[in-house]
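Two complexes come next, and they have one chain in common, subunit A, joined by subunit B in the first and subunit C in the second.
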Partner chain A sequence: MRARRTFAKWLVALGALHGIVVCAGFFAPYDPVEQDRKSPYLPPMRVHLMDANGHFHARPFVYSLRLREGSFDQYEEDTTEIHPVKFFLSGARYWILGFLPCRTHFFGAEKTRIYLLGTDAYGRDQFSRFLFGGQVSLLAGILGAGITLFLGLCVGAVAGYYGGWRDSVLMRFAELFLALPWLYLLFALRAFLPLAVGPLEAFFLIIAVIGAVGWARPARLVRGVVLSAKERDFVRAARGFGASNGYLLRRHILPETSSVLLTQAAILIPQYVLAEMTLSFLGLGVPEPVPSWGNLLSSLQQYSVLVSYWWMYLPALIMVPFFLGYLGLASSLQERREAYKIEMSSLGSLP
Partner chain B sequence: MKRPRANTRCCWILSSLLLPLLALAGHRTAASPQQKSAAEELLVLPGEVGRPGGRLVMSLRGEPKTLNPLIVADTRSREVIAVMQADLVHINRATQLTEPALAKSWKISPDGLAYTLVLRQGIKFSDGQPLDADDVLFTFRVYLDENVHAPQRDLLIVGGKPIVVRKVDAHTVVFQLAKTYGVGERLFDGLAILPRHLLEKPYQEGKLGQIGSLATAADQWAGLGPFRLKEYVAGQRLVLERNPYYWKSDAKGNRLPYLDELVFLFVPNADAQVLKFQSGETDAISQLSAENFSVLSKQQRSYTMVDAGPGLEYNFLFFNLSDAEEKTSPEMQRKQKWFREVKFRQAVSVAVDREAIVRLVYQGRGAALWGLVAPGNRRWGNEKLAHPARSLERARTLLKEAGFSWGADPNGESTLLDSGGKPVEFSILTSSSNADRAKMAALLQDDLKQLGMRVQVVPLEFRSLLDRVTQTKEYDACVMGIASFDADPNSDINVWLSSGGTHLWNPSQAHPATPWEAEIDRLIEEQMSARTFEQRKKIYDRAQELLAENQPMIFLASPNILAGAKNSIGNFHPAVLEPYVLWNVEQLYLKMGTENATR
Partner chain C sequence: MRYLLRRMGHALFLLAGVSILAFLFTALAPGNYFDEMRLNPQIAPETMAALRAQYGFDKPLPVRYVTWLSSVIHGEMGFSFGYNSPVAPLLLMRARNTLLLTITATLLAWAIALPLGVWSAERLGRLPDRLLSWGTAALLVIPDLALALGLLVLAVRTGWFPTGGMASVDFETLSPLNKLRDLALHMILPVTALVLSALPLLVRHVRAAVADVLNAPFLLAAVGHGIPRRTLLYRYALPAAANPLISLFGFSIGALLSGSLLIEVVMSWPGLGPLLLEAILARDLYVVVGGILFSTLFLVGGNLLADLLLYWADPRIRTESSAR
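Right after this comes the complex of A and B.
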């Protein structure tokens, strides 16, 4: 029971985080590619309740920032005017789930722009870019993991169920795949592909590449489960009654693999999000100006950014809850599976 | 490695013994080996008098490939060779004017075809061997020999014929040109005079291309520059030592250079160079990016940061205008129809926010650019050239006139359509190793989006980018930068001429593809043989106007030359011409009571 409760907790937390990313357009105040060329490398704005004269305001507000005289990247607060934070304002158009046009944003201000996480070299809002970038990176992770698990399931089921030379060939092939340094394989694969690809093509290329690379480990796991499942009594009984191979696989054997697959999914998704980030970080992912988490962090490759603009690290920090959520989910899934196993074995030992 | 060291020490002892003797013979005042001897005609440099001794450490972007000026192709080698060799006439990097160097004077005949150069007397190579007219003759024979494939050969072909060099006496040489040459004595800048006593044998054996590697023994290599080879540690550093026979002195008669040693560390990455400079491992740093410059300026403690002002680098966008009709795909031909439309290029140019490029890419340490002559060039820019402000309206009008129209894409964004109703989409290549140009491309992408053009930025490794632009010609547009090595128009001749290899939008043409390119070719040829500056300037101005009208290159911005050095370095005056920091290396010195890099 306890395992089930922690599982639900992780699931709700992850669901909420993903909900925010899915509705990025609503929660993000601005268009992620819009350049505010007057405000490059603007630090995160502070949301105040007390103004410069010590008066308290019930509605939170911000001060706009202006460049310090003669400086390029040093800003100071302009305390002459307060800009209250407004909710549900109309702003840049976005699409909910890719087809519903909408203009309402969760928050913003009327006369100034609010940069919660600061801006990048082109004056683009880092907060909006983080949310929209999450759409790209998380979707890449989820779809990539989906492809991997599908391939792993197919290969593992065939190898485990049919056995013999098919098993040997597929598993040797899988071992070969495991032995490959897959980061370099990703580089090589991406380098072979055409250069001038649009953001959408690049996105699907990345998914295909990272999805196709990691199938070997889940395939081995699935094979193990299938090997033991096919010797179970109920499977033998079903076979005795004349069930076909397809029926046995579909009805009795593959369902046995579901818990392994779920745990694998929870481990693989963050791993693949990281893979996407690695590719984008190195400039092989989704092309600019489309945001992705890797693109957001790629400016940190420059020494000057590293030492001058600390808020460029913030996206990396905010990613942590996402990864934590997935790993928590994976461990609670595993716990549940173990509890279930114990239950099964204790049942089995009953007279 | 033992023998060369022993030999150099030998040289040292000999010179320190001989010099005072010679000096005593000539001058009563002479007392130290720093003082010149009477027989030598030293060049006396004005400026602050420094203190001899010490070592200067700088980082180099990578390992130089060679010390041999005959096969040099990379900038790193060029930087090192510049401090080891000397030329007959030298361009002062600060004033951008010519000055006597190995030649103490020169005379140009009234018809402009014969240059008579008089060499300094009593000058020696860094190994102590004397220099005379035979070395000069040998040098130019080698440069002009087709079998040597020296990169300098092209510079010495004037009017289709190689320059003829004749010896008058041991210290006088006449250069005979087939045609008048507007560049004049600037021609001799950078042409290192080679030691005949070392190179004649390998030349006769046809082995000139194989000598001069960094592993050469120190006593097997010599030059006329302020420093000579001392030690090379593969992958780490190159150590040069003071040339005791150098032919310049300061105002007080002390023989230059002041520094005992010049060390180049091989640091491949710009950020690592900054870190080394910050930690005090190197004494000076040049070619800084604006961001790194501001990082260093903010943490300024014991170093001086210098913004030398706009340099000669020009960054630009160009479209693929090459005409390999039979090879190109129908799609490429469709795109090239837009690119060939001059109003399309003018519209792009007027839509570019140059001011934003200067601010966001160079943090204000640069200048917006509307022509090929960068603002760092004092004499040759055309002041009358228009600097139109950014205007999207004007751009739209131009595009409309050229038959483009606008439509809405499924997402409701406005899209530029060509006369056939197809959306205008293209990609811009940039070098992946150059962060500045990648930023420019990202800004261009956004500027052009506002005209409804869909632009993709493709970062590419520089070599494959160059291959695409000059060889396969499979690209749409490209952002690139060129740094002129001299202020004279001649240094950009390969960009101007339609037959030039860096005539990037359509390189190495057999015949000029358009009437205006033919006109530019004619003007550039004409200015080359014009004799006075005023004549040349007038013709060159016209060429600049033609370029601005036709916009084959859409000029963006020019960065300032940024450099820094420890406060202990004296005479540190970076120039806007290469080599930015080391142009006056012989005058750099370490101030009293200060410490330099520990290694």
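Right after this comes the complex of A and C.
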């Protein structure tokens, strides 16, 4: 029971985080590719409640930033005018879920632009890019995990259910894939695919690559479950009644693998988000100007950015809650499976 | 002995399989190193054809594979178009740097994880153990990339460690002792990143394995005999828990190799990682195949080492294999 409650807790937290990313257009104040060439590498703005004269304001506000005298990349706050933070402003056009056109943004300011995480080299809002980049990275992770689990399920089911030479061939093949360090494998697969492609093709390409890399481990796990499930009494009974192989697999055996697959999904998705980040970071994934969590960080490969513009690192910290959510989900799922096993074994010991 | 031979045969099978697989992929790959030249009007089509013939691109795949295999036996591993030299010497130098990094990180990570895990298992469920669990969870959820970049930001802003490369500019002029010191200083950052990324998983497994054993009756008996705590933990409990840990050791080498690929690129350590990335971008296929093969070699070697250790540590495997 407790395990179920923690599972629900993590699921709600993750759902909320993903909801924010799905509605990125609403929560992001600006368009992710809109450039503000006059303010490159703007540091994160502070949201104030106290103004420079010590007066308190109930509505939070920001000061706009201006170049410090005699410098070319140092900004200071212009304290002559306060810009209150407004909510539900109308701004750049965006689509929710790709088809609902909308203009309302959660927050913004009227006379200045708010940059919560600063801006990049082209003056693009890092906060907006983070939210929109999350759409790309998380979707890549989820779809990639889907492909992997589907492949793993098919291979594992065939190997476990039919056994014999199919089993040995498939499992030998799986060993080959397990023998490679997975990042090298990812690179290798990426190496043999076209490099210069548009953002959309690149996106689907890396999903396919990421999805094709990890099938071996789920396949082994599924095979194990199928092996034990096909000897269960109710399966034998169904077979005795003349059930076909397809029916047995579909109706009795594959449902047994659901908890393994669910746990694997919770483990694989963050891993694949990381894989997408790594590829995009190195310039092998989703290309600019489309934001993704990987190419958001790739400017940090330049030494000058590393030295002078530390806030370019902030997105890396903000994505940690997502990974925490998946870790919590995975461990609560594992706990649940343990609890289920104990329940089952105690049932088995009844006279 | 038969056990070892079987493991060795298995390793060879894996290597051969990976090389064939890699070659198959190169055949499926669109484009090759010379494709860009085709766009250049100053290069005659005949030159292109000659180049293709020279590097054997006009031959069928099995022939190319056999040619490549013979060049592996000659210690060349094919030819790098980008570097205009055989692949093996290129890779060997880079592989040495990668190994230096990975082996140091592996040893260090285990040297930290073992006592930490045992310490935590002894206090299972109490405050220090819970704190450590939170710590490892925190490390677990920080992506490797973020960890490496964070260390870089820290190093650059504080100036405590040198960043980038594996040697200072004046490396050649230093005395041997200072050379060693310089190398160690440059290794601090990448090794720290690798150890921190590998540590949480290792600590958790050590803790679980030792905690499992600590409940065993023979340990209760040993406690009853008044055997001191340290001996109990390290001479009685740890060897009994060694079996899954040794398997994990082989696995951790693979994980660290993957991790070091990324961290080498981020910290510009001249290992296999940057070379592989460069080769991928330039379509220098033999270098890619060689790099993949080297990484497999390391991993298989690590697993073989783990098997050896297991053979040495677990008498059950010895008797089982000799009985057969």
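Everything below uses one rule, namely that the second predicted complex is superposed on the first by the 349 of 351 C-alpha atoms of A that agree within 3 Å, B and C clash if a C-alpha of one lies under 4 Å from a C-alpha of the other, contacts with A are read in each partner's own complex, and residues count from 1 in each chain.
Just so it is clear, contacts are C-beta pairs under 8 Å (C-beta built on N, C-alpha and C of every residue); 3 or more make two chains touch, one makes a residue touch a chain.
Remember, predicted model here, so these are calculated numbers, not experimental data.
Q: Once the shared chain is lined up, is A:V22 touching subunit B (first), subunit C (second), both, or neither of them?
A: neither
Q: Looking only at subunit A, is it subunit B or subunit C that touches more of its residues?
A: Of subunit B and subunit C, the partner in contact with more residues of subunit A is C.
Q: Between subunit B (first) and subunit C (second), which does A:L11 come into contact with in this model arrangement: first, second, both, or neither?
A: Neither partner.
Q: Between subunit B and subunit C, whom does A:V307 touch in the aligned arrangement: first, second, both, or neither?
A: The answer is both, since A:V307 touches subunit B and subunit C.
Q: State whether A:M319 touches subunit B only (first), subunit C only (second), both chains, or neither.
A: second
Q: Using the superposition on chain A described above, determine whether A:W182 touches subunit B (first), subunit C (second), both, or neither.
A: The second partner, subunit C, only.
Q: Can A:R37 be said to touch subunit B (first), subunit C (second), both, or neither?
A: first
Q: Pick one for A:L297: touches subunit B only (first), subunit C only (second), both, or neither.
A: second
Q: Just subunit B (first), just subunit C (second), both, or neither: which does A:E288 touch?
A: A:E288 contacts subunit B only, not subunit C.
Q: Can A:D73 be said to touch subunit B (first), subunit C (second), both, or neither?
A: After superposition on chain A, A:D73 lies in contact with subunit B alone.
Q: In the superposed arrangement, what residues of subunit A touch both subunit B and subunit C?
A: Shared contact residues on subunit A (touching subunit B in one complex, subunit C in the other): 195, 283, 303, 307.
Q: Sort out for me which residues of subunit A touch subunit B in the complex.
A: 33, 35, 37, 40, 72-73, 93, 95, 101, 121-123, 195-198, 283, 287-289, 302-305, 307-308
Q: Would you pull the subunit C residues touching subunit A in the complex into a rising list?
A: Answer in residue numbers: 14, 17-18, 21-22, 25-26, 28-31, 137, 140-146, 149-150, 152-153, 156-157, 163-164, 254-255, 257-259, 261-262, 265-266, 276-277, 279-281, 283, 285, 288, 291-292, 295-296, 298-300.
Q: For the complex, give me every residue of subunit B touching subunit A.
A: Against subunit A, the touching part of subunit B is residues 271, 274-275, 289, 291-292, 294-295, 298, 353, 356, 359-360, 363-364, 411-412, 427, 432, 435, 439, 442-443, 445-446, 456-460, 476.
Q: Along subunit A, where are the residues that touch subunit C in the complex?
A: My answer: residues 172, 175-176, 179-185, 187-195, 274, 277-278, 281-284, 294, 297, 300-301, 303, 306-307, 310, 313, 316-317, 319-320, 323-324, 327.
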